[in-house]
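After this come two complexes, each holding chain A, first together with chain B and then together with chain C.
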Partner chain A sequence: MTTEKQLNMQDSQVKPIDETRPTAPVIHVSPSPHLAQSTTSTRRMMVDVLVALVPVVAMSLFVFRGYALFQLAVCLGGSLAAELLFVKMRGRPSTLKDFSAIVTGIILAMSLPGTAPWYVGLIAAFVAVGIGKIIFGGLGMNLFNPAMVGRAFVMISFAGALAASGFEDVRSAVDAVSQATPMNAYKMNGVVAPLAHLFWGTTNGSLGETSALACLLGGLYLIVRRTVSWEIPAGLLLAVLVIGGVADLAGPADGWTVLHHILGGSLLFGAFFIATDPVTSPLTPRGKFIFGLGVGMLIMLLRLFSGYPEGVMFAVLLMNAVTPLINRWAIPVPFGEQ
Partner chain B sequence: MADQPTATERLIQGILPENPVYRQLLGLCPTLAVTNSLMAAVTMAGAVGFVLLCANVIISLIRDLLKPHLRIVVFTLTIATFVTIADRLLAAYLYQMSKTLGPYIPLIIVNCIIICRCEVVASKQAPIVAAADAIGQSLGFGLALSSIAAIREILGTGALFGLRVMPALWPDWVIMVLPPGAFLTFGLLLGAINWITDKKKA
Partner chain C sequence: MGLKLEGYAGSGTFAHGIHPSDHKALSKDAAIRVMPTPDTVVLSLHQNIGGPCEPLVKSRQAVVWGELIGKGSSFVSSTLHASVPGIVQRPMRVTLANGRHMDTLPIKTQGEVPSDRELWDEIFGGDWPTTGLEAYEPALISRDINDGGLVGLGGAAFPTHVKITPSDKKPIHTLIVNGCECEPYLTSDYRLMLEAPAPIITGALLAGRSVGAKRIVIGVEDNKMPAIEVLRKATDGTGIRIAVVKTKYPQGSEKHLIQAVIKRQVPLGGLPSDVGVAMSNVGTMAAVARAVIHKKPLTHRIISVTGGGIAEPSNVLAPIGVSFGELVDFCGGLRPDAARMVAGGPMMGFAFANPNTPVTKGTSGLTVMTRDEVKAGEETACVRCGKCVDVCPMKLVPTKIAMASRHRDISLSRRYNIMACFECGSCAYTCPARIPLVQLIRAGKALVAAAGRS
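Right, the complex of A and B next:
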């Protein structure tokens, strides 16, 4: 009697089948290693990127002061508002908690010159999140790096406001804003910036690109944390080294060496923070290396032969477009297959 | 042929329910190429409307003489005749606009909207129906072109028909008058129209 009652009790205590979980046992079929890191999540990756961006943001705040703060506020506000609005329009639950809109906003702000007027950052943020990401179906579905889509839109629309044109100002720490950017000065007048300035970041330029040191610190952190794969920056830097080296040997000795190419402009910022976007870069290690090589080659092509002083943004966007092709090309051979 | 739509139905169908650009996705080449200013878009729509009306009526009049294997040739020759007339008329009376539109006026010959209407309506129905259909389709085409052109011109130059409508502070979105602006505007409008239609159905 008691046992029967107990059994009944137990029966009644059995939880109803959880609708949200699959009812049949799920067998995961995937190549080894099977011990996947369970802590990997979109949010953890985004927090890592935010941590890595700290030196870059700090350096931009130190060099550009009020300008950097203003641009950060505009871009962050814009991308958060755009994410909120467009996700609501799609009738999906809010995705603010995965922090991807924050990362897009900060990378966008760091890629704009501090002197750009408010509407530039705002339009760029809305285009980045709306046309760059949500229209394709949200994070993970987008073909192109959202921040770069937004930047390309305003770059073509408001070329004058994006040129980081210099004027006298007292709001910045090291008189950086009053100079032309090193890339522009070289392209227009053949003026070569000292390497030390490019390394520490006391030059004019887009907010996050000036300091090679800050980009290197953030980039190394991302690679150590395995948030980004080392193959992309490696391929990119290798291509720039080789092409820059050849250009050094072949071109006129005007002092703009391969080291200037690597430390100057947004090359390191692009190599570690922009080209490495896991959504818009290939999946396999070999594919990633090819992708990096392609970005590096296009950057050098644009820098050496186009009218633009810098080519990181267009290089990344162009390689984003061929990422599906690289993915198909770089399918790894399964173990045992001839 | 009792179930063929009447003239009124053809006229109304062409404007929105079977809009040549937003519903049939035909004639996209001029839609993307000449919509950077409203004036150019209206002229283009006018030229297409003239050619479509004349070609539809002529084809409808000779529809009993058409041989199935030669009909496309007859369509093309008829269309080409009226395109040449439109092209020369524009060059004579609207020289600047003719320069602006460039090759897109001669290219009306290969505009799918016209050959599609000749095949679907004019070769099967009476001239009155064919003319009503041509007017409906032309209005639909004009509506589509002007909607895209108005957005692009206002955002890209702050003006409409060349007259400034936005405040002086308005920063021109140069990208909107360049080719990317055409693709973006067309895509977003197409999406918006699909969204509205879906909502109505639901």
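Right, the complex of A and C next:
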């Protein structure tokens, strides 16, 4: 009987499983489960983020033209080079194919002003990927959002380039860049930008943050694809709504409303693309919601009471630091103990 | 959707879980075929959860079909019967599909065994009464079940008489008969419900009577509508209800079917009886009917032999102790691209390589996967996406438990309730980083158990 022969062949003829055209069964064993969902992979998640970034990048190219292209090139190149270099220094196999360096590079570029000099973007990219991620042990091991680590570093080291004035270039032919950022115009001079400008994104600011619409589109895609969990943006927006609403009622009626808080600055970009980084946010739905609330509260605290016009970056970094604690608090109650 | 079953509070489903493609089309329309009696069977002395049984026969002794050859060593144990007539051979140690090395009694077939239709009629045929069952004493029903060597035929193989027995301590109000068969590929319960609903119903009535259940309900997933129709007709006038539950893995898990039907959660470490429920599989119920009415033991069972690596996917009525290799032969042999043989379904089944491995009472199927299906993905780092958390039906945090296990951190894995995991595989199925979560958790559970003993 052929089958019996085939069955007996397995002992003597074990060959690698990836033979192109099998002629006889080769039986391998492995622990259960023996099925895996073929549609999910870490790389697929990264590709989802890249797809979601398309409207944001497109809008930044439309508004900031050459500035955006330049900053993207610098940050992407820097991220990829840093990934290669640092992974090599750790003596590990290349991790470029997980696409996470590309995601970090683009998010970093989108969080910088287009006017920042080349060395600022490059150093930010090296710090983001090298110090922010690889040194911690690579993808999945870092405590802090890599892009934000890089941005925070250059914000402090090159204060001028990332201060309010760093965003402006009055001689520029690109409209947006010749104005002050709406956040700063308000903080310094009480000038309130029209909501429509904030919504469409025709204002000055970091490259990816200006268009609320683009951030919403990308964010919704990520949520629908379940690449990010809705709990983080929901908690974040809820906190901003509540605190901004209270500030509206309690503060001076100067025209800057909770809606300006939501549509202005990097709030939506942060809510959908930065705070949602799975590696540096909690694991459970409840933990994610708490994390979102915390980020939203810190953003409002910084915006309302600190000297900075914006607070997304520091808020995310601070909440990243307490993520292990939140994970500890938010251990779900198992089925059977509810 | 709701359960829409009056008197039952469940919503027909449970939180979390996964929706793998079921692959049941391979064998769901294949009517059960009766396998010719093999030349030998190899009967493990340990067929069930709990203690093994002690042999009552010596080698070279002649036995008849259905003769008692092993007796349970403890209460949570079961009896063993000759599944063919013949001569007992020298006991030997065999590795079962689940990897445990067990003493076995081989029997060389000798003598007449009914074949084909005759065997089917002998096991499932005839009249199955739905009235007049008052004549059977609850305690005697349980005794007959024990005498028949019945264990849960859904896969776990828990001795049935332990569950189906009158108890004053934990009164049972509902008997749930499990016809979910949520494992992908498997169709043995489905075919049984279609082809032999009568013994299932008689068995359910008897089991319900034994435990003192006021209500009996058969839970079936809504991807088995033909079986549901057959059961509805067959239960007409018996008081047994059919609960149509959502098709979702692991709906057939005892705790989750209880949640779906009566909306009660079995406490961690507890049993269905803690919430007043007894649960047993449809195949077990048919065996109960035979054991109680005809006083015949469990010697045969229905096995799905399926998967892309099998030439003719089938549902087979085969004697306990037949080798998987013979089942494969009976179903046309392996296809050239067969790459993994799994005892049971692909989610919780055990992969094995030796075709001489014998079938046990808990073997619900043989799933042969192809090399494309089992291509191992490359493990990458956990990015803490939380997808495992989103699917875990026990509401655990699989990645945390797995990483704690990997680092042998017993206290951390305990804090995350490692022992609540029943290894359904939903997390590993979903994990985008292809981390062997179940394997790690299983190792971690062994560490915790070892730490608990010392």
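The working rule: the second predicted complex is superposed on the first by the 291 of 338 C-alpha atoms of A that agree within 3 Å, B and C clash if a C-alpha of one lies under 4 Å from a C-alpha of the other, contacts with A are read in each partner's own complex, and residues count from 1 in each chain.
Keep this in mind: a residue touches a chain if its C-beta (ideal position, glycine included) is under 8 Å from a C-beta of that chain, and two chains touch if they have at least 3 such contacts.
Just so it is clear, the structure is predicted and the values come from calculations on it, not from any experiment.
Peer 1: Looking only at chain A, is it chain B or chain C that touches more of its residues?
Peer 2: C
Peer 1: Could you tell me if A:F153 is touching chain B, chain C, both of them or neither one (first, second, both, neither)?
Peer 2: Only chain B; A:F153 stays clear of chain C.
Peer 1: One more residue to check, A:F62. First (chain B), second (chain C), both or neither?
Peer 2: A:F62: touches no partner chain.
Peer 1: So in the superposed three-chain picture, is A:E337 touching just chain B, just chain C, both, or none of them (first/second/both/neither)?
Peer 2: After superposing on A, A:E337 lies in contact with chain C but is clear of chain B.
Peer 1: Which holds for A:F199: it touches chain B only (first), chain C only (second), both, or neither?
Peer 2: After superposition on chain A, A:F199 lies in contact with neither partner.
Peer 1: On the A-aligned overlay, A:F99 touches which partner chain: chain B = first, chain C = second, or both, or neither?
Peer 2: neither
Peer 1: According to the stated criteria, A:Y308 is in contact with first (chain B), second (chain C), both, or neither; which is it?
Peer 2: After superposition on chain A, A:Y308 lies in contact with neither partner.
Peer 1: Of the partners chain B and chain C, which touch A:F136 in the superposed model: first, second, both, neither?
Peer 2: Touch partners of A:F136: none, neither chain B nor chain C.
Peer 1: Enumerate the residues of chain A that count as touching chain B in its complex and touching chain C in the other.
Peer 2: none
Peer 1: Which stretch or stretches of chain A touch chain B in the complex?
Peer 2: Residues in contact with chain B: 117, 119, 123, 131, 135, 153, 156-159, 161.
Peer 1: Where on chain A is chain C touching in the complex?
Peer 2: 1-4, 6-8, 10, 17-18, 22-37, 40-42, 44-45, 98, 138-141, 226-227, 229, 278-279, 281, 283-285, 288, 327, 331-338
Peer 1: Residue numbers of chain B touching chain A in their complex, please.
Peer 2: The contact residues of chain B facing chain A are 171-176, 178, 180, 184, 191.
Peer 1: Which bits of chain C are touching chain A when the two form their complex?
Peer 2: On the chain C side, the touching residues are 14-15, 18, 20, 184, 255-256, 259, 265-270, 309, 325, 328-329, 332-342, 346-353, 355, 367, 369, 371, 373-377, 380-387, 389-390, 393-397, 399-400, 415-417, 420, 423, 425, 428-434, 436, 438-439, 442.
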